[in-house]
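Across the two complexes that follow, subunit A remains constant while its partner is subunit B and subsequently subunit C.
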Partner chain A sequence: MSIRVEQIQKRFGDFTALDDINLDVQEGQLVGLLGPSGSGKTTLLRIIAGLEKADQGKVLFHGKDVTDLDVRKRKVGFVFQQYALFRHLTVADNVAFGLRMLPRKERPARSAIRQRVHELLDLVQLGHLAGRYPAQLSGGQKQRVALARALALKPDVLLLDEPFGALDAKVRKELRRWLRHLHEQISVTSIFVTHDQEEAMEVSDQVVVMSQGRIEQMASPLTIYEQPASRFVFDFLGHINALKGHYDGRRWQAGNAQLRLTTEGACPNGELTLYLRPHEADLSKTPSDSANLPVKLGARSVFGGTVTLELEALGWPAEVMEVELSRDAWQALDAQPGDTLFVHPRQLQTVTCDGNLGPRVTPA
Partner chain B sequence: MPLLRTQHSVLPGFTLSFALSVLFICLVILVPLSGLAIHVSQMSWAQYWGVITDPRSLASFRVTLLAAAGASGINAVVGLLLAWVITRYRFPGRRLMDALVDLPFALPTAVAGLTLSALFAANGWLGQWFEAVGISVAYTPLGIMIAMSFTSLPFVVRAVQPVLEDLTPDVEEAAATLGATPMATFTRVILAQLMPALLTGTALAFTRSLGEYGAVIFIAGNMPFETEILSLLVNIRLDEFDYAAASALASVILIASLVLLFGIQLVQSRLTRRWKGH
Partner chain C sequence: MHERPRHWHQWFLIMAAFAAIAILLVMPLALIFTEAFSQGWAMVQQNLTNPDMLGAIKLTLIVTLITVPVNLLFGILLAWCVTRYEFRGRKLLSTLIDIPFAMSPVVAGLCYLVVYGAQSVVGNWFSGMGVQLMFALPGMVMVTVFVTCPYVARVLIPLMESQGQHEEEAAIILGASGWQAFLYVTLPKIRWALLYGVVLTNARAVGEFGAVSVVSGLIRGQTLTLPLLVQMWNQDYNTVGAFTAAGLLAAMALVTLLLKTVLEWATQHSSDNATEQKTEQDTP
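And now, the complex of A and B:
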């Protein structure tokens, strides 16, 4: 079932939680609402669920206005960050709860309920724990029970509020892959809230980036990363190095650092800020004609296939920079902490005078 | 499994604190109890049976038990309501209300009894209105019930309150998204989780009511066979220097209370052990 949100406004006292939100979610998609805390993503999710009322605007499910429909009648499955399981009921009874709450006429027979619970627990791979109580489960298991419980009534829409937020990193990763697979199996229209960029990029069909009660961009993960719509989005998706300097039409300069490039993005007074993503640069022991950015090698962190290096600008003003190299490139470089190296950006993002994103440039 | 299993703790002194606790329990609870047992053991079974099946004793058991049951029933409902209001709503005077709940513990029970009997007497502030619709409160079992529920109300409120505070709103929201009506959410989710605490509080209130003396005797009227409670009868036997009979009667309250307390402990730990994941 498609979800449409029209001109939603929500204030808490003086604080504007949501400001004119419009959103379209296609049937069967898995959409990630991504943003820092306080960006309004959870509030938006709760409004879609009917747990919170918007001050203005509409929510439509499959073209039907459900703005004033009670949460009980909206047929949404909701998964809470802290699981919200009924601790006095067994796993099986938790999952059966929704079915048992149906009016007598619609309620399936006992055996049918048992059957459905069985299916759902198999779906979340917890069939063997049906008789346990929530307190006897691990965090990941609890969240899977919560998901099975939310799916029991075959909801039109599945909403997940930071579903993996309370879990440790390894379980998180497992569970989000698993959620992706599960969604391919049951393909119910789903929206999940997260503040974890990696999670949103990995799991979603579409990512909605939110900031301060507004939607900054909604697009596929690839588009979000390659064509960020605003400085905020660029900034929010992973670490960036901001390089502030002056541009004279041919050369960007900061202290004794310089880059040769052509752009029209600079301010009238010549100021130009460049954003550099950690993985879009190489390092060498010598400067080149197009790039002369001397740095001192600081701490390094070797984890997986990449090596993350901390670099301190030598003789020019810049915060400590971060550059990621492949393991092979790092070994070929053969550098020690304290060595002087030179950064060679492969691509840079210009920031215009009014704070928006300008064109992307390559030193040459 | 070893009999004593002590976990290593940053605070030393298990042995000392355990010894002191045992000593205190012995001095204050077990020694007086054995005194009672010794008194009772001086009687033969026939004598014991004779004392406790005496018609006047039986009548006092009946009055005490019924009034205590009624009082705990009222307190289960009112106490739950009070705890609910205090934890769930924010209103001016909430802290005062919270503090007032403990008043029956702080007030000497005799003072409470005097005040209640003055209020509920046929010409008292409240009693006159009951009298107008034909209900006598003072000097009837109803009066006993009111006095008992006054003194035992805090047990229910204080037992339920912390559990209620621990319940998170997301559990109720979860019930709502699963289609539960507000009534079903209350009974199947909230009340179900409160049950062990509510049961404990009510049982404590009941045992307290069984033994209540000061608050009751002023409002009871103390008519043998009608409004004479067990603890008063014990007192009467003592006045007659019939220590054996007094002990026999007291032992009945004691046994009833102990059985009830152990029973509740058992039920509660069974219920909550699984919820807490052991």
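And now, the complex of A and C:
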């Protein structure tokens, strides 16, 4: 079932939580609402669910206006960050709750309920824990019970509010793969809220980046990453190094650092800021004609196949920079902390004078 | 965690506390029973079957049996309002609940006398309908309800606040009506605290003296509850009788204490489960 959100406005007192939100979710998609805390993503999810009322605007499910439809009749499944399992009920009874609340006429027979609970618990791979109480489960297990419970009534729409927010890193990763997999199996239109970029990029078909009650961009993860629509999106998707300097039409300069590049959009007085992603640069022991960014090698951290280096600008004003090299490149570089090195950006993102994103450039 | 006392002055403090409890609490309690039984078991039996005593026990039970359900309902509604809704005057409301705690019961009794007495508009109207509020059972129930109304709400409010309402929201999304959500989700979550509040309310309702004595009119055989009877018999130099009635009240207090301890343990235990949920290590 497709979801459409039209011109939603929501205020809490003086605080504008959502400002003119428009959103289209295609049937069967898994969409990630990504943004920092306070960006309004949870409020939007709760409005779609019907737990919260918008001040203005409409919510449509499959073209049908559900703005004023009671939450019980919307046929949504909802998963809370803190699980919200019924602590006095067993896992099986938690999953069966929605079925048991059905009016007598629609309620399946006892044996049918038991059968359905059994299926759902198998789906989330927790059949063996049916008799346990929530307090006896781990966080990951609890969230899977919550998911089974949300799916019990065969919802048209599944909404998940920071579903993995309370879990530790390893469990998180496993669980989101599993969610992705599950979504492929049951393909119910789903929206999940997260503040974790990696999570949004890995799980979603479409990512919606939100900031201060507005949608900054909605696109596939790849597009979001390669063609960010705004400075905020670029900024929010991982670490960036901001290089502030002057551009004279041929050269970008800051102190004794310089890059040869061709671009437009610098301020009239020549000020130009360049964004450099940590993995879009090489390091060497010598400058080149096109790039001369001297740095001193500081701390390094090795994780998986990547080596992350902290670099201190030498003789030019910049905050400590971060550059990621592959393990092989790091070994080939053969450098020690304290060594002077030169950064060679492969690609840079210009920020125009009005604060928007300009063209991407390569020093040459 | 607590540390063990090591120095003599630490031991001294502990001993002093025990001594104070023995002198101030245990001895008087023991004396009540020794006095009650001072003239033998037959006398106790005689006192217990005295029509005044039987009337007082009955009246006390009636007042309590009305008060407790009324305040149970009131407490739940109030706690629900204060913890579930955001509205202007929410803070004020939760402060106002404490008025009966802050006010001397005698003053409360006097206020009721003024507002609902035969000379007042309200009292007059009721007496025109043939209902006497003051110096009769209705007035005694009213003041007892007033004096004991904060207990249930005060126990529930912090608990319901800390539990949040995600579980109720989950229930609603799963199709439960408001009433079903309360019955199947909220009530089980607060049951121990609710019982605890009931025990406290009950204890206070049975033992209430000040407010009730003002509005009861102290009519022998009609409007005497147990605490009032104790006072009355004591003034009549029926010491053994007074202590027998007092013994009954003390016995109820001891039962209350036992129940309270059990319920506190149960409440603690169920909230332990809740915290365990958070701290427990995550494994898929």
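Going forward, the second predicted complex is superposed on the first by the 364 of 364 C-alpha atoms of A that agree within 3 Å, B and C clash if a C-alpha of one lies under 4 Å from a C-alpha of the other, contacts with A are read in each partner's own complex, and residues count from 1 in each chain.
The rule is simple: a residue touches a chain if its C-beta (ideal position, glycine included) is under 8 Å from a C-beta of that chain, and two chains touch if they have at least 3 such contacts.
Owing to the predicted nature of the structure, the values given are computational and were not obtained by experimental measurement.
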Side-by-side fit of subunit B and subunit C on subunit A, or clash: clash
Which superposed partner A:Arg87 touches (first subunit B, second subunit C, both, neither): both
First, second, both or neither for A:Asp168, with subunit B first and subunit C second: second
Partner chain in contact with A:Cys267 - subunit B first, subunit C second, else both or neither: neither
Which superposed partner A:Ala49 touches (first subunit B, second subunit C, both, neither): both
First (subunit B), second (subunit C), both or neither touched by A:Gly139: second
Which superposed partner A:Arg72 touches (first subunit B, second subunit C, both, neither): both
Touching both subunit B and subunit C, residues of subunit A: 49, 51, 71-72, 76-78, 80, 82, 84-88, 97-98, 101-102, 133-135, 146, 149-150, 152-153
Subunit A partner contacts - residues on subunit C that touch it in the complex: 164, 166-167, 169-177, 180, 184-185, 188-189, 270, 273-274, 276-277, 280-284
Subunit A contact footprint on subunit B (complex, rising order): 168, 170-171, 173-181, 184, 188-189, 192-193, 195, 271, 274-277
For the subunit A and subunit B complex, residues of the former touching the latter: 49, 51, 71-74, 76-78, 80, 82, 84-89, 97-98, 101-102, 133-136, 146, 149-150, 152-153
For the subunit A and subunit C complex, residues of the former touching the latter: 49, 51, 71-72, 76-78, 80, 82-88, 97-98, 101-102, 133-135, 138-142, 146, 149-150, 152-153, 167-168, 171, 174-175
